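Should a chain be cited, it is by its letter among A, B, C and D, assigned in written order, with residues numbered from 1 in that chain.
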Amino acid sequence: MEEFDIEHVADAELRDPVLIEGLPGVGHVGKLAAEHLLEEFDATLVRRGYSEHFPPQVTVEEGRSELACVEFHAVEVEGRDLLVLTGDHQAQDNAGHYRLTDTLLDVAEEFGVQRAFALGGVPTGELIEEYDVIGAASDGELLAELREHVEVREDEPAGGIVGVSGLLLGLGERRGLPAACLMGETSGYLVDPKSARAVLGVLETVLGFEVDVSSLEERAEEMEEVVRKIQEMEQGPSPDDDLRYIG
Amino acid sequence: MEEFDIEHVADAELRDPVLIEGLPGVGHVGKLAAEHLLEEFDATLVRRGYSEHFPPQVTVEEGRSELACVEFHAVEVEGRDLLVLTGDHQAQDNAGHYRLTDTLLDVAEEFGVQRAFALGGVPTGELIEEYDVIGAASDGELLAELREHVEVREDEPAGGIVGVSGLLLGLGERRGLPAACLMGETSGYLVDPKSARAVLGVLETVLGFEVDVSSLEERAEEMEEVVRKIQEMEQGPSPDDDLRYIG
Amino acid sequence: MEEFDIEHVADAELRDPVLIEGLPGVGHVGKLAAEHLLEEFDATLVRRGYSEHFPPQVTVEEGRSELACVEFHAVEVEGRDLLVLTGDHQAQDNAGHYRLTDTLLDVAEEFGVQRAFALGGVPTGELIEEYDVIGAASDGELLAELREHVEVREDEPAGGIVGVSGLLLGLGERRGLPAACLMGETSGYLVDPKSARAVLGVLETVLGFEVDVSSLEERAEEMEEVVRKIQEMEQGPSPDDDLRYIG
Amino acid sequence: MEEFDIEHVADAELRDPVLIEGLPGVGHVGKLAAEHLLEEFDATLVRRGYSEHFPPQVTVEEGRSELACVEFHAVEVEGRDLLVLTGDHQAQDNAGHYRLTDTLLDVAEEFGVQRAFALGGVPTGELIEEYDVIGAASDGELLAELREHVEVREDEPAGGIVGVSGLLLGLGERRGLPAACLMGETSGYLVDPKSARAVLGVLETVLGFEVDVSSLEERAEEMEEVVRKIQEMEQGPSPDDDLRYIG
């Protein structure tokens, strides 16, 4: 295997597609959002990407192994073509992040991608009441467009944007591909479907489509239930509460 | 030295050989199992593999140094040829795991290997009563065959398979070599000859041969004696036990 | 992107320029000093340097992303041309330090740089009263010149000079570029504008120019105020002090 | 700079030279022993080796910087030519150890080296009374010769030999250069000139020369004085001892 190995799984002719990236990150916000698109719309797996920069491992499901990879799906969303990038891994080393992103951008270019949206989370360190989404872009024009749909803050995210999401903007700009990042606020402690829903909400208005988020909301409610239980356990049962506590 | 250096030690014509990998890992299960084959059958050292991805060291025995390496032995087992891969090291870095496995697969291909079995352990975190073996494969046909001889679980091993064993499946599949992994349950705390014996038991039925495991059982009994002593020490001597305790 | 990507931002004809390096380091002394030159004199951004050895991230300001980079500015200081190197990052790995410095020296050479000054801090481990500056050079002639303006100590800095500053001297010498390092003493615990002012003071006498350091002094006073408050908090309020303590 | 940069400092015609390696390691035994040869005999610096695998730093002495390097000196010892390798650094990464040793062996080969002796220490974990030296070799003939002058133990050093010393044997063997390692027992806690003297003692009998070790003994006595003081401080003063304790 070479440093990168892009497996051609299926052909696809995409009309002016938009790249949507949702690799693992804070609260798995981007991953949840991107995978939700694959569940709700017709998605065709078109490419798999393997790399020696991924962890040296296979996952196993029902006894069948699968080498660590990322996947590109072609998705048609109300007449608009998306190229959705998902997976379970980021690169494991510094240079690997740069080279991986560059290779993924090559694939995007091959499909004629003209714009990219990196989806992710921004950690706040506390539980979220209102799920704000923050935007950033590598390009003035795209940033201006973004400002109509999403909050752009003076100095956030404070630590910048790291990993593939950040480099999609940085390396995208170096090769003339306008790219934006939509970051849902999230505590940073939990997988956060609510934040993913908020990010999808912004993506809907920016790209002009609608997606059913009920399954994401169900998952969010399950997570909230978990959070509630943890909070209750931390506070201890209230006096009139103790008989109903277990369960 | 290049990144990899494969030393040609002896020629060997193998008929439709099966690759058996037993490099160090959890409980040294795979290593014990593979080395047991070398002890019980006629084995010819055919290749040594050196690499800058191994630790920078030599071992010393009776004053004679030996550079860190892995070894391929040709082994004839009841009319069937095996190519057995053993050694004291895995790669020390991420990309090294990928490149090492790829290089080892090149050697296997050179010998005409058509199938590979990676032997290893899967940690359970507690002492084992019954030594189950779990199977996984990179290929549907091989997996179906495996199911006749070994348990295949829905979602195990949970963390996937890492290192050379995992990549033998993952990279094997990328080059069209069907590969399976036989993982003996083991506590993860001790070198585990009993788990190795269980793995060999499955390998015997899959490949159709028989191997004397008495030396492995002796070693297992020695280990069990050690475990018993440790458990006794942890629990403290029982009242009627204390005179016999020391020794 | 290649391992390094030098972006040509603007042309500049520099007469016998001196390279001034101020990348992040102890007390951010070199960075503060070099950036102060950019603030006080006319500075033209001429090159940006990107590298896979930098952290995989973009910074975001007002929603606009910028890929991790270092910058070269052409600065005219009283008839003398400087090429000032600043940025927020050093390389993240060992070989990266060597390769980055070599690449930056290529850029300097392209501009005809004949001499280099690396600016930095040397940690003393305690708060500084008098801000001494220590000098070192890769070249006997430059060192002799330096001795007229700055203290050269027998065995300091004890740990040598690490990172780009150190390698500017080491690799500069290998390619025949005389280079010196001016290191301001600093506690090592705080960003230290006073140490940066001291370093600039030496640079002024060595290169023969004058720079207004009032903004740096303001910043130093702010930092001293912070230090005073921290010291007060550590010692606790004195008896007749406690009414005025808060605030 | 390339990955390695071998600076040609002086020409030297060596007759059938022996390579002596003394880079930093346990107790700095090898380094002390090799540097002692440079002090006691006429030594000509012939090559310096720089590498991106060394730490990214310069040392500074009297204000003059020197890039991290290793040095080869040609030394004539009673009619016998030695090529002595010393320095302050080993490689900082795994592959770097392999590549550095290979490059250093290229230099040795260029000088016609036919045999190599790596000098080092083997840690015992306790203060040493009698300074034994253990030998190991990559080659049966050299090992047999070694047995006449130095102890060869069944299974020591238990952890093998790591770093450049180990790879001199391992990679030396791969290219047909017989190499031995002489390891002085040392506590592992202190720089140990006594162990270095013991190693030199063996080297004298193996190579047939004599070296004045009085300066090494002085240094050893200084170290022993330090050790004595530390031991006294740990035990506390004895009753009739306390008036003489300070000083």
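Following the convention adopted for this analysis, a contact is a pair of C-beta atoms (placed from the backbone, for glycine too) under 8 Å apart; a residue touches a chain by one contact, two chains touch by 3 or more.
Keep in mind that what you see is a predicted model, and the values were worked out from it rather than measured.
Student: If you apply the touch rule, which chains end up adjacent to both chain B and chain D?
Tutor: Per touch definition, common to chain B and chain D: zero chains.
Student: Call it same or different for chain C and chain D: same when shared residue numbers make up over half of all numbers used at their interface.
Tutor: different
Student: With chain centres taken as the means of their Cα atoms, state the distance from chain B to chain C in Å.
Tutor: Whole-Å distance between the two chain centres: 54.
Student: In angstrom, rounded to a whole number, how far apart do the mean CA points of chain A and chain B lie?
Tutor: One centre to the other, that is 38 Å.
Student: According to the definition already given, which pairs of chains are in contact?
Tutor: All touching pairs, sorted by chain label, are A-B, A-C, B-D, C-D.
Student: Residues of chain C touching chain A in their complex?
Tutor: 1, 3, 5, 50, 52-68, 92-93, 96
Student: Of all residues in chain D, which touch chain B in the complex?
Tutor: Chain D reaches chain B through residues 91, 94-95, 97-99, 101-102, 135-138, 140, 143, 146-147, 152-157, 159-163, 166-167, 169-171, 173-174, 181.
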